[in-house]
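The data blocks that follow each hold one structure.
Presented sequentially are two complexes of subunit A, the first with subunit B as partner and the second with subunit C.
After this line comes the complex of A and B, so read on.
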């Protein structure tokens, strides 16, 4: 087999779930050593397709061939043996074991019935070098960063002689430099003739990495082309089934009195002396690198974390710190970064999740008025065009974008005065993204004070009135967003500097060097 | 999509039934009843006529035996929904029985006995609840420890002897467990009242719905402004009150308290709740499910006894059933498919 030859073929794959045709005749093929991106909105069928390919689900129709032979994987183990590995969004690292053992887990080199430690560490070191990881094979895996752990997963696929590695949203929790390393590793893998299926909502990554792109919509493959034949607009239009006029929605709103005032907020070692004001109708962005302390500030304002000094005023009233219930009562809503961990009770219904912060108001003497509760949930769920058969559905069954809408609904039911949204569009598709921006814009017009925390600079510049940059726990600047403000200015402030032309040039130079190299 | 509408009918309602909490346990219970009936018919061939196991009087007897642990199981459902557990309910029951008996022996005042017993039950629950929610001890360990304390307290109160309430005591006390409303025994009334009240608390009140959220995702509960410590403590106190009530009903019937009376019943009670479909991780289950669990347990226990299975062997079987039910629960939670659909 040589580079560019087709070795995996899927023809007319069908997968049925009760009441849904999750896959309805998907066909595509993988060539040796290519990066093939799979694009589609949440719920389009990407995950199901991956699960069929890796032996998690059995297909209900169609043909799946590797090297011209039809395969029927009964388990992921069989798929791995045939060379198909997957790096999932949820990592499967054993945190107490060292790196070498994690790499060779389930497949440890043996000698005379016991683990051959010498070979193990030698082989592991080899793989670490290949992955450009400057760490010892004896490092405990739990001490690694998420990005490094992900590399270990990729390394694990290598130990199993993978011919195809599927990466599902690999960069969703990586820092920029980690993303860069990942891209280098992908290049190396491709050079070794390993094929990659790359799944990401970040379309610039897709455009940068891919050789070919396949778009899936409603369980069918819509289009499969070389990357060069696609424009980003065309890609989005194919994903959502209509042209998207404007991803970012921000209509002007009347900005009036201060609603949230934060004064000299300090938590030692996390953030220092943070002061800012958000007014009615204003959308303020918080931008900074991962780990700069953006989310931590919001957690303190909302009261889930404590702070040592400073004060928070909502509509002029001082808020008692460290008490989320009091913050909610004062009118702060907080859509957290991690919706599954902090935002939603996944096994429970949309109905309960959407009304949980408001139950007290929906009850008389502790007994819930169920009609009011239903009407309330229905209203917001419908207003946000959440796709679900019923509000009795468990939230865990919804796609990421729809889950995010339920989180928003949960806070909107209590009609907050201040709404904090942290990474509101993380891991959700471009169509839902645009809808969520629209919702935020509407809320601002209705007079809500909104804070958007994000690590996506385009998002901040697209939907906010002004941006506050955070660097190492300190506020470095507050910039009004207008056509004159550039990405580089914001980025410079977020990197600790003030805007200065020299720095700008430096950055440009660095970019050029990168793109040449 | 179009074909789903046409297939409505048996399959549709079957699906609805299956979606109900505890439906599979309900079927298992019916199957068990039929098996016991068949086996008894075979072993008693020729001796009698008609049904042996599935008779109204036998089923009523089974039900009556389940009332005490049932009342406690309803309370425990609240605690287990939050993902916690209370292993002390058995010895708490013993302790409350001793309190009821000794107060009756010393004062012969029914009102005082009721207050004291419920008060002690609530205090025991409060003790557990405060440790679990405010001190943040693991509920398993906490209640294992408090269980031993309650056991010792029961021995201290009773001085290790059997306390006997005179049959001539305050008739109000006797009414608690022996009265009947026409043909309906007060035992049935207690069972139904507690089931309905706690069932409504769980499904209709803010407090009940919060318990589900706490169980399903305690972090999200905190971010949603739920005071989970307070709610969890209240759940433990309610369990304690249920234990107190069960002790009163039990004492009113038995009129004697053995310092070992309730010890070991925690396993039966937990088994009932687990069989009823309350997830050990919390967040899933209902009082309705627990009712089915209680009845199923009663049927099994009565069935085994009627087959002359020794008490020891019954414990083995019950223990095995509990571990099986827990395993099913955990495996289902992990998304493991127990059988493959063709």
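After this line comes the complex of A and C, so read on.
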């Protein structure tokens, strides 16, 4: 087989779940050594398709061929043996085991009936070198960064001689430099004639990496083309089934009195001397690289983390540090970065999740007013057009976008004066993103002071009135967002410099090189 | 290249720190206790008691530890042991009466105990691994059931026809030393075998993966169900060995054998460094845990402390160990 030859074909794949046609005749093919992106909104059927390909689900119709032969995988093990591996969105690292054992999980080298530890560590070291990871094979996997753990998963696929590696949202929790490393590794894999199926909501990544793109909607493949034949707008239009006029929604709001004032906030080794003001009706963005301290500042303002000096004022009243309950009472709402871990109790109902911060107010003498609780939850869930059969549904069953709406609802039930949203659209599809931006814009219009923390520069520039850049724990600039402000200016400040034209040129050059390469 | 060297050093330092963290509660305690113990007691009666209890309760702790490493628990270990003890006496008497040979009876008694343990372990595994009942609830229920059977047979003491024969395993003084019994040697052999097996065999390695991240294990083609099931069978067999040792030590079976064994075994495992959340620990940890628990209670009885104080201190110690573990663990949750 040589590069560019088709080796996997899917024809008219059908997968039925009770009451749903999750896949309704999907057909596409994979060529050796190509990066093939799979795009579609949440619920379009991408995950189901991947599960059919990797042997998690059996298909109910259609044909699945590898090297021209029909395959019927009964388990992931069989798919792996046939060369189809998947790097899952939820990492499947065993955190207490070392790197070598994680690489060869379920596949340990054996000699004479016992595990051959010598070969194990020698082979693991080779793979780490191939992945350009300067760590020992005996490092405990739990000590690695998320990006490194992801590399281990890719390495795992290599130990199994994968011919196709499926990557599901691989960059959703990676820093910029880790993302870059991942892209380098993808290039190397492709050079070795390994095919990649790349799934991401980040369309600029899709446009940068792919050789071909297939769009899936409502369980059907809509279009399959070479990357060069697609524009980003066309891609979005195909994903949501209509042209999207405006992804970013930001209507002008009346900006009045200061609502949140932060003065000289310092936490040693994390952030220093942070001062800023957010006024009624204003949306302020916080931008910086992952690890710059953006989220940590917000955690301190909200009182989850302590700070050593400085003060936080809400509506003119000084807020005692290190006390989230006081922050909530003073009127701060905080939608955290990791909604599954910090924002929601997944097995519990929308009803309880949406009203959990308000239970105090809903209770008389410790007894909750159920009717009022239901009405409150109903009101916000409906107002945000959350797609769910009932508010009694477990939050874990909702899509990412709808989960995020429940997180928002949770804070809105207590009508906060200040709303902090950290990475509000991470892992959310393009249609829901736009809806969330619309909600934020409406809230600002109603007079809420809003902070948007994000590592997506377009998002910040699309929905905020001004942006504060953070570099290594320091505030480097606050820039008003207007048509004259460029992406590069913001980026330069976030990288520690002030806006400087030379740097701007360098960046432009670098981007040109990237896009040519 | 230089970068790599630095990274490797950092790795090694991390590993050392981790080694300390994993074992520090154990190490600190061993140092203090061993010193205190020798001072208080020397190699006399106390030493015998420690070894006797270690040999007797060691196997069941080891069995529980293997189950705990998969992230589950077995609270029925006590009456799995009790039941196996009762069965061993029944088997012993049946063969002794039929053949008159004490040796044949002894062998069948041991086999009977082991098979009983395998069956009870299999039943536990069926409910936990196959049906998916929470291991906590399933094994509490099983403990009641096994206790019921034990009560039926052994409401008062239930004696073998030749008590001396059955005492051979736990009471023979090898080399004239009272503490060096066949049961102790058997236990130490089991520790060695289990230690190597868990390090060297594929299945042994899979146990850690299942306990550390069951989902990762199943995506890697490891059957979580079978792995957990087998660990329950192993735990049943090791509990049964404990049950037989108890009978062999006492010379009879009685319904109190197995009482409070569940809490004792969990304490030994936890003190030894087995994590409730799974994925961590070796047979050596269990051996240390059992030794430490026994040394502590031996020391207290040497000081003629009332049982109420003994219990209080044992409880306090467990909490201290867990607090040390918590404070030195770098993760927010275990």
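The rule is simple: the second predicted complex is superposed on the first by the 503 of 517 C-alpha atoms of A that agree within 3 Å, B and C clash if a C-alpha of one lies under 4 Å from a C-alpha of the other, contacts with A are read in each partner's own complex, and residues count from 1 in each chain.
In this section, a residue touches a chain if its C-beta (ideal position, glycine included) is under 8 Å from a C-beta of that chain, and two chains touch if they have at least 3 such contacts.
Every value quoted in this text rests on a predicted model; they were computed, and no experiment measured them.
Overlaying the two complexes via subunit A brings subunit B and subunit C into a clash. Look at A:76: by the touch rule set out above, it reaches subunit C but stays clear of subunit B.
When the two complexes are overlaid on their common chain A, residue A:138 makes contact with subunit C while staying clear of subunit B. Once the two complexes are overlaid on the shared chain, A:329 sits against subunit B while remaining clear of subunit C. By the touch criterion stated above, A:114 is placed in contact with subunit C alone, subunit B being left untouched. In the superposition on chain A, contact is made by A:357 with subunit B only, not with subunit C. Contacts of A:94 after superposition on the shared chain: subunit C is touched, whereas subunit B is not. Judged by the touch definition given at the top, the superposed model places A:105 against subunit C, while subunit B stays out of reach. Subunit A uses no single residue to touch subunit B in one structure and subunit C in the other. Partner subunit A is touched in their complex by these residues of subunit C: 3-4, 7-8, 11-12, 14-15, 18, 199-202, 205-206, 208-209, 212-213, 215-222, 279-280, 331.
Those residues of subunit A lying in contact with subunit B across their complex are 19, 302, 304, 324-325, 327-329, 334, 336, 341-348, 352, 356-357, 359-360, 362-363, 366-368, 370, 410.
Looking at the complex, you find that subunit B touches subunit A at residues 1, 4, 204-207, 209-210, 212-213, 216-217, 219-227, 283-284. Against subunit C, the residues of subunit A that register as touching in their complex are 75-77, 80, 86, 88, 90, 92-97, 101, 105-108, 110, 113-115, 134-136, 138-140, 142-143, 156.
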